[in-house]
Every structure is written in structure tokens, then in C-alpha cells.
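Remarks on the structure that follows.
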Amino acid sequence: MKISCDIKVDHLTRVEGHGNIRIKIRNGRVEQARWDVVETPRFFEAMLVGKKWNNAPWICARICGICSIGHTLASIRAIENGFGIKPSEQTSVLRLLLKHMETLQSHLLHLYFLAAPDFLNVGSVMPLIESHPEVVKRAARLKQLANDACDVIGGRRLHPTRTVVGGFTMLPEKSQLSSLKKRMQAAVPDLTATVELFQTFTLPDFERETEFVSLKGDERYPFIGGGLISTDQVEMEEHDYLKMTNEFVVDHSTSKWSRLSRQSFAVGALARLNNNFSFLHPEAREVAEGFSLAPVNNNPFMNNIAQLVECVHVVMDSISLIDNLLDREWTEVRQPVCPRAGLGVGALEVPRGILYHAYEFDNAGRIIKADCVIPTSQNNANIHYDIFELAQQSASRGKSDGEIQHLAEMLVRAYDPCISCSVH
Amino acid sequence: MSADKRLYLGVPVERPKAAFFDFTSCEGCQLQMLNNEATLLDFLSLLDIVNFREAMSERSDDYEIAFVEGSISRADEVERLKKIRAQAKILVAVGSCACFGGVNQLKNRFGDLDWVKREVYGSNPVDSTEVRPVSAFVTVDLKIYGCPVKKEEVEVIVTNLVLGKSIVHPSYPVCMECKANHNICLFDLGEPCLGPITRAGCDSWCPSNRMGCWGCRGPAEVANVEQLREIMLKHGFSEEEMIDRLECFGGFSTYLSELK
Amino acid sequence: MIFRVFDKDQLQRLYDVLAVNHIVGPVCKGVNQNSAPLYDFDFVKTFSELKLDYSSTIHSLKRFVLPPRETLCTFELGDDNWRKRLDFNVHEPIVFFGLHACDINGLNKLDKVLNSVVYPDPYYVAKRKNMFIIGVNCSPQPFCFCRSMGSDSALHGFDMFFTSLGDEYFVEILSATAFEYISAIKSREPNERDHARFKEASEEKINNFTCHVDTTDLTKILDLEFQAEVWKTWGERCLSCGTCASVCPTCYCYGIHENVNLDLQGAEKIKQLYSCNLIDFAQVAGGHNFRPESHVRLKYRYYHKHRGFVEAFEESLCVGCGRCGESCLAGITVPEVIASVRGLER
Amino acid sequence: MDKLPFVDLMAEKNRYHRRGDLSAFEYTCQAEITNVYSLTETEKLYQIQLIDREERRRFTFKPGQFVMLELPGIGEAPFSISSSPARHGNIELCIRAVGNLTKFLARVPRGTRVGISGPFGTSFPVKEMRGSDVLLIGGGLGLIPLRAPIFAILENRSAYKDIDIIYGARKSSELLFTYQYDMWRQFDINLDIIVEQADEDWDGAEGLITRILEKRCAASDLSKNTYAIVCGPPIMFRFVCDMLIKAHLPVRRIFVSLERRMHCGRGKCCRCNIGSTYTCLEGPVFDYWSVMNLKEAI
């Protein structure tokens, strides 16, 4: 039995943004176990006030360097919903494809560069360049495919330039799409090798009963818009997002917290998968089954595996999306936009979970009030309680300080938090 | 990786110890550095990276070059920045946030910081000051412009830095690159663009994708803002639309105070 | 000169015959706000893309002879040695289908400098030697003043030149290769009536010019008005953006920069077309700038085109295509600038 | 029908790209830095030898001409040849470290290979000056291009009458080629040195070049049999040339060397263009009559 320990991790590494972990165990009892977000807040919601609608996607992309495409698309969706614009099917397919490639890029970054070093017992990807060059090269190859695809469709992998309200400023060449498709097909062995790599890792055995929130798929695995659902059987419409997120401010964190049926809930790849398992591409489902991952899985470390499963899903799905695009005649690029007063909400599944943008407009389409709810801020409370539970279980198993710290760090990383995003 | 000494034309080329730091930002510029998949390994062989929180757990405070991303918006950031400055021989401001304040400085435009805090955090106290660029607090040796920075440009700049070549930013505006890319001018397509006054170097990234320039790289050496205003009005764009763009990334703040 | 006449429906046949080569010609790139088509020169993939009745292209065809960026050479670095590798960056001949007289004259003018007796530029010459040029007559646009510059008809510098005579084309043939190509389609010798129609067409074109520049004594006037205040007025408008030079068929000035590869094992030398309107054009090491003011740089662009070149070659370096004025967002056009320097209100 | 024939300029041996023609485009011949001497804090003298013997022998130039020096990946820039024309492809360049290329050059060791092309440009008509007095007036770096004509004159000293060198610098520490002054004087040359700001070590004249020139102009009639060569910063040109003209030195006998930005040295890049005069082709040496016709020349 663990008697006492003090763990302080300031500015946790290999996560996006600044967060601290504190664990204090006294006489075998966890006195304190905290997850503090100390990132400097940026006030995007205030920045948007008074700005015309067309500024929002451009500015909001800058909320996050990893999921800028997600923010752009969420912002666009909120505006389109507010103005009553329905994107054409061509636009929707292109957007989903773009979204997929961001998911792939982000998951790969997390799996290979941020998470894998923990399992290979190194501090970063740098030592792997010499010890496991083939792993690093494979990671780079896959990530480049995803990023190149974002360039081709969105104009730029980071802070996209072609995505606008109403559609796109310009479309990719079809020849570019077919060469992407070829590259995706050729990437399948790399994906398989990635799956095999993760099969060699032992994930910590830890569970805590959790409520998982995500978009609800109706015909396909959900990424852009639709209903909201939780594993505690809560269902909600997109525009009722506030009832789903219930954000509140806590004093030790610059990021807000959320709750629904319980004291906290989780969003992200595992939540999506827990809620929408049946919509996974068959090959992705097979991968999940290989890891005995089935709904409802309560091990937060399994979020890594859920991301891996989604990598397979998005690549497989992208191939068919490209087929769909290649088969059609390109039609209009961009619909006209008529601003109107009212509220617009857009919900999107970004790599780290469900993201909401909501704006209230005046008649001229100026933003009067803006609200952005970020996955990581929805997760923060859950991370916090997970750390507490993890400390408790570790203490009772008599783990060393070093082990507890390592586990706690890995736990936070498993959520792939995007902290600067969460304190937009 | 060994810190082997290399020569270029007989001149020894050190592999300088470099560190990456982030302040108030989206951390996208750092990510752009990792987004160089095809050339990442060569890039890493130029620099000995000893501190890069987003990508690695190892950290050391012994470095010569500090790449600083993000703007400054809290007192503790100023302290941290000053420590970095004291350690680094060369401090590089990376991206629009570090160079001009970036989108973050949009909150400054309200003048009323309390309102801004209340709008987002309600009555909860949050620590946040006016957003300032890095150069407001410490000497900046080199700027890499852009939101986000362009990896090709970063690679050239870092190579030149390591070699001791001088680093010269294009003094001309984006139009020059836009024409080189044979784009149709966005004004002809009914879109506004800050290309005529914004510093080039991005290879007309946005206009080439039919998105008018928002001036993320700040003013070109000659920025005839007054003339651009006339052009905007002539093409049917309001002053508001022009100001939206000019104030977006903070690079044109001095011009804006004249305009408003 | 050899002349032929052929039916316009033979054009596709001629295109097909030529299409074993790369073909560059005027294509439509989109429409502007007023739904007017926007043309530019580009590689043509199918005959239907080729728009021979185009008004004018946004850019000249300069990029095919003077690319905006060109790698002049690469270096391989050894331990205490290095090697330089050259490539003139042209590997196949190209057919230029449908150039207006002004652009053909533009190339002829560039030749004077870049294919001169002293130090000919092989990068340019290599591309020039691999051009097969088909000219086509045009109708004057509201902004072009090629007639004032003596560039409204091309006397040489093409392989063949088409003039539209209703349903037929009147062809001037200047090269043996062109003769072979024309022999591959159905054509006939022109008769008296064709000659008359050809002359009528030329006449009509001349009468359709609405934009003029008075070049009388221009070199002297430019010298006299070197200190004129009007330059300052134009300078205030100029954005120093270089757009005018970029679209101009005869602006050829450039800058050089060299980059070392990331692995430090090699390097490249890149030529980039520049513009004399850019702020640092005349800045030398140490920081001294011979032309720090916009109006002075703008003035020198006019001096090079309309005075210096005339002194050297007895013709202006401007062909009067009007592109710079059309592209200039500040609305600085050659006819207006020259009129104002002459002291004329327009 | 057949494809059009491809004209391969790379393959042809032609005037456009002749190996061994040191002034052809992008033909740079390799040369080695055999010695480097620091003259002042910022100026170094580089002795450079063309590697290929044949090229070395064939390399001839006239005083006042310049070469382009290239460091792969770093840059290329024009430099006046500062050595005696008699030495062919064993040239000396005196270079001030001001920018990218020149600062890098200051760091390379002996033995480094550089690329040299040229020679380019016009020259000082030293032959034409035989039998006359010659006034060589240099300010700051302006002494560098004067050194080649000085050598040429020394090598044929008896062919010339009075030779005056008037040289001014801002500080005594900035004076170039100090080690050669005695040697020049031995050749019966009037050498007047003046510095703008004298310090303790300086016991010579203090002030601007024009102070000395004024005296020289008064000393003899310049209108008949005198040539002048003037090199220096733009501001100096104006004052010196005005003074010479007032002293009735014919404008066609005043020669100046102009500096402009240059990238090609071959009259193509336009960077050195004044109107339509390429300083790299029609210059850098101009007689003053031509300069008067060039707006903004100095």
C-alpha cells in the first residue's frame, strides 16, 4: 500500500498547450489529484463580436493549430445554419473528405509523435529517428498523405484558404483527387503496420464508468452535423447544444468544464466509437475487434486505439468519397450568401471530440454574440476525475511515484488534449 | 544524431542548439515545423533541438537559438520571455502572433479589457493583459512572418541562419508573387485583397487559392494604404471590409490608427 | 512572302496536325464580375479550348520565354570542390497558336536585348529557338494603343499569321515548316479579291483604334520634363507592386538569389523576374538606395521604355498592348501618364 | 506530320554557351583563393588564381574592369580588379564585408574555390593618357578600382608626366593599401592623403578631398594636358567633378567609375540600368560627358 507521494508536473509535454498535473497522496489516501489548465486565454468569443460573418471562419481557424480545418468548418456550418444555407452535396462530400484528412493527420500526429514514445519508453520521437527509423518514416509518409490531401482540397493544411461559407473558393483538379486515391490505396500497408505496432503495446488496465457524448450517426459514422447523443441515453438536437455541454467556470483552470448526466463526461474518438460502432467501415471494425474494443468501453487509454480505428475508417471512407466525386460533373463552387438575423449553431466531430460554434447575428450579418465549445474543455473535468481515480487505484496497488506520474501523464495524453484550443 | 562538424565552402557549420517556445497562440506555427514530413529529417540535422514541449519530454535550457511563437498576454509570459531572451543568442519571432500580436490582438480593439473578460468568463477573474507582440518586451533578432508560417520559407531561413547568410525578406508586396503564379486578380473576380500592400514571401498562398489576402505578413516596405482604400471603394468594398482585413493580424496597426 | 487562303473549318485540321507538339494559346480562365471572359495563354489540351477570337490576355506570353522564377543552375558541393550544373530548362518545342501582333513584336524587341551580339542569354535563346509562332489578327480594345507604338502589325518573328476574312483565313507564311503545315490542309492561292479583302480588314482595324499615344519627340519631352510635378502625382498613386512589369510582354529585369539545400550538400541559383517599381530595385549593398521614392522608380520605368530603348534601338520598348494599365489597380495607364507628362489634360 | 525539331542549345557548341568563354552566361571558371590579407577592419585583399592554366593565361583585362565573383549557394557580385593587368589570371580583389556574400567571403579560408567570370565593363583609357598629367582621385573604397590603373601607369612610368594621387578616407584606420604608399612615392608620384576625422595616430592632412584638390587645381592649368580619374561615394563625385570642371578640365577627360546594383554584369538584368544605359556594359567607367547625359547617375 502506497503511503505518501507528491507529484507535480508543470507544463506537461507532448500535448498541445499548457497544463499541469498535481497528485498528493497521504497515508494511502488521495488528498488531491488535479488537472489544471494554465494556458493563457485568448478570448475568441469576444474578438468576434462586431465582426461581419465572413471574418468568423478565418479568425476561428486560428483557435487551433491542429484542428484548424475543424474550426473553420464548424464556423462555416454555424453561419450556414444561421442564414439557412444548405450546402450542395458536392460541397458536403468535399468537406467531409477534407475533414477526414484532418482527422487522419491529427490522429497520426498523436499516435506516433505524442503517444508512441510513452510505450517505447523514450522522451520523444527524436531518439526514435535512430532507433526505429522505419517507424518514423512510416509516420511521416502517412502524415504527409493526409496533409497533402488537405492542401489539395482546403488549399492549405493549416488555416485552410479555400473553405468558405457557401462552398469553396475553388475546387481541386480531378486528376489531383485520383492521385490522392491511389496514394490512399497504397497507404493501406502502412496503416496495417501501424495497427501491428500498437498491438505490441500494453495499454494500462484502468476503467472508470463514464458518460460518452458524441454526434449521432444516422447513415454513416458522424463527423459533420446531426443529432447529439450520450451513452447515458441523452439525445438532443444540434441547436440545443447548450443543454448538452453545460459549461461552467472553475477557478483552477482557464478552460471551462462541462457536465451532463454525471459530474463529467468524455468526448473524442472513444466516445464516437462507443456511440456509433455499427457505422464503422468493416475494415475499421475488424481492427477494433482485434483490440477487443467494443462499446461501451470505459478505459480512457483505449482512446488511442479508437483513434487508430478511426484512421482506418477515414482512409477507407475517403476512397469511396473520392470515387463519388470523380463520378460527378463539377457544378457550382460557391453559393451566394444572404445574411439574416438570428442564431446559427454548427456541431462537428473534430479529432478530439465534438466541437460547437454558435453565433448570433444582426440583420447585416454582424456577430452580436459568439460561443465556441471545444472538445478538450468538455473533457477537462473528466480528465480531472480520471486522474483522481487513477491515483486512488495506483495507491492501493502500491505503485511507485515514478509509475504514478508516468501513468497520469499517459492518461492525460490519451485524451490528446488540445489545450490552447480549449482556452480559445 | 552526432553533433558532427560540417563545412560549407571551408567554413565550419555548427549545429546550433535550438529551442521552441510557445506563448499565447494556436501553436500552429510549431506544427508547421513538424509538417515538413518530406524534409523533416534534413531539417532536424541542421538544428540540435533541445526543447520543444509540444513534441518532446526532454528539455534543456542550454540553447543558442530560441524560436518563439505566440503573442504576450499575461505577466508570467513576460517573465518567461525575458528568461528566454537572456539565454538565447538569437531570438526568432515565429508567426504573426509573435511578430504583430496575431488574431489575438483583435481583443485589444475594444479598449475595454474588463468587458472582454466578462464576455467570455462572466464574473470569474481571469488574468489577461492587452495582447502585445514579442518585440514589445524583448529584442527580436529575426522575424518569420505568416499565419501560419510557410515551411519552405522557414527552411530557407533556418538554413541561412545556420550558415550565417543574411536573411532578407521580400520587400515587395504579395501581388508580385500572385502575378508570378499567373492568378487572375481577385479584384477582377469581385473579391477584396490586401495583396498590394502586404509583404510577400508566402508565394501568394491565399490569392492562389482564390482567397483575398488578409495581410498576415504585415506591410510591405512600401504600403500605399491610402491608395488601396481608394481601390477598395472603387471596387465596391466598404471601409469596414478593408479594416476587417487590416486589423486581423495586427501588422497594420500603425496604418489603422491613421485610417480610423 | 507566301500567301494562302483557307476555310475556317480547316482550322481544326491544322490544329490536329500541330497537336503532336505542345500547343500554347489563348484560353478562357473564367469571367469577371461583369461576366466578361478573362483570357490567358496556357497549354491547350483540346481544340475547343483555343479561343482565337480573344480580346486580350491578362498576362503576356512572357512566362514561356522568361519564367517568373527559373533555376539557372545547381551546385554539387564536395569537400573542397564544387561543380556547377546548367540546364536551359527547355526540352521540347512549343507551338504558340494565336498571338496578336503586339506580342510577336514584344518578342522581337526582347530579342534585341536578350539575343544580342554581346552576351546573349542562352536561357532565353534556347526557348526562343523552340517556338513555332502562329499569329492572328485582332480587333483593337479600348485600352490598347499598339498603333501609336508601331506594333499593330508584325512584319517578322512568326511562322505564319492569320487574318480573318469572314469565313476564311488569309495566311502569311514566313517559314518552310509553316509552309509544310499549311500544305497538310486544304488551302488555295489568294486572288485579287482576297487581296482587297485583306487590305480592307487591315483598314478596318486601323480605324477601330480608340486609344492613342502621341510619341512625337517623346524622348526629348521626357528629358525636358524630368523634374515635372506630374510624376509625383502618379507616384502617390503607385503601389510599387510590380504588377505592371509582371504582365508586360517586354519587361525583362530580374534578380538573383541562391539557396543552399537543407542537407548542405548542394545549392541552387534562382532567377526571379523583378520590377523597377519595387522599392529595393536600385538599392546597393550598405543600404544606399538610388531610387527610394515611388515616383522616381515609376518615372524610370517610362524612361527605359520610351526614351532609353528608343535611343539604343530606334524603337520603343513598349508595344502598346495596354496590359499594364489594365492590371494596375491604381489605374496608372501609359496613355494617361504620357499625356500628362506632355502637359495635356485627358 | 512530324513533330517540330528540338533545338538543343545545351548540346551545341555555340556562342551562347561556350565553355572557356569566361564571360558567357553562367559559365564560371573555378578559381582558388590563394591568400587573404586583412587591410582594415572590414576590407580584405584576396589573391585569387584561376585554376586552369590555359584560362589563367588567356584571362586579360583592362584597368577599371570588374569580375563577377560567385560563392555557390551564397551569391554573386561584381568586384573591380585591383591588380596589375600584367598578371593575367592571378588577380587581386579588395572587398569590403558589407552584406551577404561579402561577409561570408570574409569567413572562408585560404584554398576555397570561388567562381569567377568576366572581365566585364569599360576601362580607364590609360594608353590614351600617355604623355599627359594624370590626376587619380579616390575616396574610401574608391582607391580599389584606381589600383589597376596605378599599376599600369607605374609599369610604364616614363610614358606619363606628373602623376597625382589624391586619396581621402573618413578615418586613418580606414585607409587602404597603406603598405604601398612608399613604393608609389618612389615612382615619383605625388601622393596626398587626407582623412576627415584625424585621431592621435594621424599627423597628416585633415578634411575633405576637395581641400587638396583645390590646391592642385590652382597649381597648374588643367585645361590642356591633364586627365582625371575619379572614384568614390556618390556625394564625393559631385563635388570633385564640379571642381574639376570649374578648373576647365574638359569633360571628356574626366573619367569616373559608377557603382550600381548588378546581378548579371552582362546587360540583361536591368539592375544597373539608368534610362537604357547599362552601367555593366557601357560602364562602370564613363567619361563625364556621358555622365552628364545620364539622369541620376551620381
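For reference, chains read A, B, C and D in written order, and residue numbers begin at 1 within each chain.
Here, a residue touches a chain if its C-beta (ideal position, glycine included) is under 8 Å from a C-beta of that chain, and two chains touch if they have at least 3 such contacts.
Fair warning: this is a prediction, and the values are worked out from it, not measured in the lab.
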Which pair, B-D or A-B, has more C-beta contacts? A-B
Centre-of-Cα separation between chain D and chain B, whole angstrom: 42
In whole angstrom, what separates the CA-based centres of chain A and chain B? 25
List the centre-to-centre spacing of chain A and chain D in whole Å, with centres computed as mean CA coordinates. 65
State, to the nearest whole Å, the distance from the C-alpha centre of chain A to the C-alpha centre of chain C. 52
Two or more other chains are touched by the chain D residues 72-74, 99, 111-113
Provide the list of chain A residues touching at least two other chains, using ranges where the numbers run on. none
Would you mind listing the residues of chain C that make contact with two or more other chains? 77, 80, 82, 259-261
Just spell out which pairs of chains touch, all of them. A-B, B-C, B-D, C-D
Mind pulling up the chain C residues that touch chain B in the complex? 29-30, 32-33, 38, 40, 58-59, 63, 68-69, 77, 79-80, 82, 236-243, 246-247, 259-264, 272-273, 275, 278-280, 294, 327, 329-330
Going by the contact rule at the top, pick out the chain A residues touching chain B in the complex. 11, 13-17, 40-47, 49, 51-52, 55, 58-59, 62-66, 68, 109, 113-114, 117, 123-126, 129-130, 136, 140-141, 143-144, 147, 155-159, 161-162, 164, 169-170, 249, 251, 254, 420-421
Inside the complex, what are the residues of chain D that reach chain B? 71-74, 99-100, 103-104, 107-109, 111-113
Report the residues of chain D in contact with chain C in the complex, numbered from low to high. 1-10, 15-17, 23-26, 28, 72-77, 98-99, 102, 111-113, 115, 234, 259-261, 263-264, 266-271, 273-277, 281, 295-296
Considering the complex alone, what residue numbers of chain B touch chain C? 6-10, 13, 39, 42-43, 45-46, 155-156, 159-160, 163, 165, 171-173, 175-176, 179-182, 184-185, 187-190, 195-197, 220-222, 224, 227-228, 231
